[in-house]
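Listed after this line are the structures, all set down as structure tokens.
After this come two complexes, each holding subunit A, first together with subunit B and then together with subunit C.
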Partner chain A sequence: MPGRLHPILTFTFAALILLFTGGPVLLSLYGSLVPDRVLLSPDRSILTEGPNFESYRYVFTGQLPDSYLQESANRAMISDAARQVPGALVNSSVNALAAMILNLILGAPAAFVFARYLFPGKKLSFLYLILSPLVPAVALVTPIYMMLEWLGLVGTQIGIILVHTARALPFTVLILSVFFRKIPTEVFEAAELDHCSRFQAFWRIALPLALPSVGATGLFAFMLSYSEYMFAMILSGDAGTRPVSVVMAALARNTDVSWSLLNTGIFIAIVPTLVLVVLVWRFVVEGLIGSAVKG
Partner chain B sequence: MWTSNRFPALWLLPALLPVILMTVYPIGHALWTSLHEVMILFPGEPFVGLKNYQRVVASNYFGDALRNSLVFTLIAAPSVVILGTLIALFLRRRFFGCEVVRSVVLLPWVLPGAISAVLWVWVFHPSFGILNGILRDLGLIDTSVPWLTNPQTALLAVAAAHVWTQIPFAVILLMAALSAINAETLEAAAIDCRNPAKRFRYIVFPEIKAMIVLLLVYNALTAFTSYDLVYAMTGGGPGTATTLLSFQIWRESFSMYDFGAGSAVAFIVVVISAVLIAAITKTLPSDLFGSS
Partner chain C sequence: MNRSKLLAALALASGFVVQSAQAEDLTLEFVVWNYSLETIQDNVKQFEQANPGIKVKVTDYAWPDYHDSLVLRIRGNTPTDVIYGGQDWLPAWGAAGFIAPLDSVAPKGTIEELSKDIAGFALTDVTYDGKVYGLPYYSDTISFIYNKKILDDAGIAVPTTWEEVTAAAEKLKAGGMDKPIIYEYNQELPNFYDAFVAQSYGRGADLFDAELNPLFADPSNGAYKQLQWIADAYSKGLVQSDNHESTIITAMNTGKHAFTIVYTYVLAALNDAATQPLAGQFALAPMPGETHATLGFAKSYVVTAKAAADPVRAEAAWKFVNFMAGKPYTVAKRWAVEKGLGFGQLPLFEDKDVIAAWSKWADVGALGKQASIAKAGTYTEYSSVWSAYFRPLLAQAMVGEAPVDQVMKDGAQRWTELKEQFANR
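Here is the complex of A and B:
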């Protein structure tokens, strides 16, 4: 275990980390709870006006906020895109979960043989895997679009999942092979003495021992797909297949949308994902800190 | 490390095939484009050799964009890894509320890029930005600093936002790597060496070095090839203060419809990122790519 720190020092570090990582998001929570006129005025705040849930009500029920219905209100401040957020969350989750599962299923065996075996063609295939992500995605948008159009996958979620999986795979293999290499060789030598096949060594030994790290890698693949924008935008079709990153970008780039509504969209998009990610992460952390791999 | 005489196709092809499918033809197509004059407005796509490359390198934005991209990468990639390491080391401790901090650290990750940009524009906003508010309250500045419209601070500001978006991934992988260290090694080190800085340098660092190199490579690559956050925050301005080379791929292709030039910029980016990665792995030798 690491040594002890002075409590005040611990508190300061914790506060700084919280402020840096959580601060901007807190701002958006605040922004979603007050109408724009309160947000932009220096002498009114949530303390004098109280929280206001009208933007949330609009996103879920479609009932317009009162400020919008007032006379001479700016009609452009409401955007229908905000109402697509809940559905887009479902699409994004499906894409990201599929990309994560595919990444682990396809990537883990490759990472295992890369970490533990010498074989002909190893250098070449490994080099290909680490060099292929060098080409910037923008340059590949056109040919990938043409390819998927030929396959009839444009406008479907399968196309997006396919691209996201392929884009995360090189990194999944790299990260997992670092973890697999950390498992002490003696464990595998013992397994070989017991006539373990290669698959058993992978499935029964490497995978369970590295399970928390596999979880962390899965999170990476999940989030890469969840936040990817460019391919998601060109490959998604109508509102029914649009993921969160595309809907949120449309909302964020529309300068006519009120701050309050934009922040509401942000917050609705964050919460379910955060819950999901934190759940997986807690499982990972517990596995990591509770039972470190013993040699 | 065991030796096998056959290529383990059954184990590797499931990972290699999707990557090959999504790279061989698209990269080949992009390379072909960079050697031809491909403009939507003009019919025919004649072979022009390296003319697209010459045109791009000679263009008036190239010097600025290249310098900005390099500075941006040199600030962002090490910052992510250093901050990530510090946070990961700290979060391994148990303290009151550690679970909350461990979860909040992941927040920047669950936000799509367009949203992170909005949040950070808000933080840096000259009139109602929180950063100026705090600095004013502390008495450090008299007048608001226009962070994103001042050429001196704009690149730093967008780099800070970029670092913010990349921190969670670094923390997660480094915590995982830290936990994979043999507990007995750490206990022995705690007895033999009282100085925590030395203990980190000689015991912990060598154990997590492969992961640190991997993160440096990944972050150098991300910083050098992505532009969406920067573009959403500043649009490349003020002037050319935050114009990045990777953004020019998009601008040449989809704004000027000069796909040949866009692809040429892309391959210049490829060459430079390959050099960056080679430099990182040479200065920090580790068993990341090795076959030890």
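Here is the complex of A and C:
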């Protein structure tokens, strides 16, 4: 068929994509299932030694891997930062869920107003909102830190959630306002004739029509918050509030982490994320594309 | 009557408020980088049990983010009482008024007494402007490490000079070992400069004089000679570059390299039976050169100026620092025994538990000897700025991309410029 790629080429491209996306995941799984001695030895492998789950046991229970209990073992290389991974996953999920909900509560009405009503300063405020993500995040670290310190929110999850909400809000407003603009005016005129207030028009008509896009933007905000590192790093005080992005950075960059433990931490951290992405990515894409083409 | 009852009730209530405030625990804010947090928390717990009325809240950051996060905390007035300090940061923090000399919080004469037990290089590292600002949390040296088995098999004696290192490496290369020396070559890391200084110290060199004038651009200076030596070793194909000490550990454990120059804690990792296939084959030798001196460094417990300004917090902060790093050195010993961390408190080199624990991966006597002759680096408010400028030049000279004399001249010139700039601030 003209214009269609040869099956071998298609297969090659697909294999390459799989290699670069799935390869690191499989490597981290492999690295987590063998002790360092096996991982670093040219003569030994998981096939000769079998899988070993001691690093997972350490992460979830704190019980040292057997290899660290033998004579001449160096316990400096068994970092307890790895034990923060499960708790950090919970923290990240809480932060991201809260940022997502706040984004929708604040962003959806704002987008509706921007899309459907005229008011003084509309253009300017919309531009301000939309262009604000262009300011490099690193330039905002100090002022935001100072402000949150003044509010007593440094070292709390609320501080992180507020910043993540603010970082995602421009995208939420932009995407949803595009969708709301595409709903035919006649729908709202008919609602007005039926004595719908502006809020009722938003709540009963616009929002139900926009649900796929609302869901997509919410998930987008969720993912932005889940993966954010810099603000989470400076604003989280201790392990109790630390999200997974910060714990993973510590694991990857500290010198006291064995390869096996690092791989275990990586695998535990990415699996829920991968599952989430696989489950919701289609809805995100469809919702976002829908907002662009409907109308 | 009612009014007097009301006043009495208010007085009683205010008494309760005052009393409950007095009874409330004082909480110290302790900021650390997150190495072995569980041990830190356990040490803190033991301190709290021994000091009723004082609580300690630990906040930790990853090592690469620690310095910037801490400066942000202090600039942002986030309560911070006791911190981990680094030798290279201390002058800038002291000059900025972030931290307080320990004499201002400790009972008179205590710091002088404790200083007698601290290794010379570590004491220099915790001293700024003639005052002691910290007690060592962790101290280490840079070591010349070799593979005993490879040298024994090849019939090579442990080299004592850099010329002997060249001869040994050439012999191994002739015997089939492609790159006998593996070198941490990463101009982004301070280690890169530190390892060079350690080698220069081995030759007996000083890089700066007492007035902080650079000496290394003189071809007769040991640092100049050492840079020339490294460049020669690279040009002869004896050296394998490696990006980081963590991968040097795995590379040395392949048996394809015989020598490296790294922080001593790497020796513990090299000989780690839990992770390394060639564990037990590695040993340290005195740094090659005429004096065998090397570079030592110390990380320390430091009290912030803000804590020192409040007498109650200052007293609590001192108690905490003294518990963590003072006599009988229980916490320093715990780090050494359980985690293999180096220490600046010299009496611990004679502690039987430390000797028993460390003998599994090192010759403790040799380590103690190395610590006693190790020298501190030169740290000023501008040394980190200069180091960032000099490291890329150093890297170019090592691999023959720039002439040694030009690199040394440029480095000396930049140091002198910075020294003048900071003197005129």
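The rule we apply is simple: the second predicted complex is superposed on the first by the 221 of 295 C-alpha atoms of A that agree within 3 Å, B and C clash if a C-alpha of one lies under 4 Å from a C-alpha of the other, contacts with A are read in each partner's own complex, and residues count from 1 in each chain.
We take it that a residue touches a chain if its C-beta (ideal position, glycine included) is under 8 Å from a C-beta of that chain, and two chains touch if they have at least 3 such contacts.
The model shown is predicted, which means the values in this text are computed figures rather than measured ones.
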{"item": "Touching partner for A:V187 - first (subunit B), second (subunit C), both, neither", "value": "neither"}
{"item": "A:G237 touches, of subunit B and subunit C: first, second, both or neither?", "value": "second"}
{"item": "Which of subunit B and subunit C A:A249 touches, first, second, both or neither", "value": "both"}
{"item": "Partner chain in contact with A:I101 - subunit B first, subunit C second, else both or neither", "value": "neither"}
{"item": "Residue contacts on subunit A - larger count, subunit B or subunit C", "value": "B"}
{"item": "Partner chain(s) touched by A:A139 [first = subunit B, second = subunit C, both, neither]", "value": "first"}
{"item": "Set of subunit A residues, in rising order, touched by both subunit B and subunit C", "value": "40, 42, 142, 146, 249, 253"}
{"item": "Subunit A - residues contacting subunit B, complex", "value": "1-3, 5, 7, 10, 13-14, 17-18, 20-25, 27-28, 31, 39-40, 42, 105-107, 109-113, 116-123, 125-126, 128-140, 142-144, 146-147, 162-163, 165-167, 169-171, 173-175, 178-179, 181-182, 185, 212-213, 216, 219-220, 223, 226-227, 229-230, 244-245, 248-249, 252-253, 262, 266, 269-270, 273-274, 277-278, 281-282, 284-285, 288-289, 292-295"}
{"item": "Residues of subunit A touching subunit C in the complex", "value": "35-37, 40-42, 65, 67-68, 70-77, 79-81, 83, 141-142, 145-146, 149, 154-155, 233-234, 237-239, 246, 249-250, 253-256, 258-260"}
{"item": "Residues of subunit B that touch subunit A when the two form their complex", "value": "1-8, 10-12, 14-16, 18-23, 25-27, 29-30, 33, 87, 89-93, 95, 97-120, 122-123, 128, 130, 164, 167-169, 172-173, 175-177, 179-184, 186, 190, 196, 210-211, 214, 218, 221, 225, 228, 232, 246, 249-250, 253, 259, 262-263, 266-267, 269-270, 273-274, 277, 287-289, 291"}
{"item": "In the complex with subunit A, residue positions of subunit C that touch it", "value": "34-39, 57-65, 69, 72, 75-78, 245-246, 250, 253-254, 265, 268-269, 271-277, 279-280, 338-341, 360-361"}
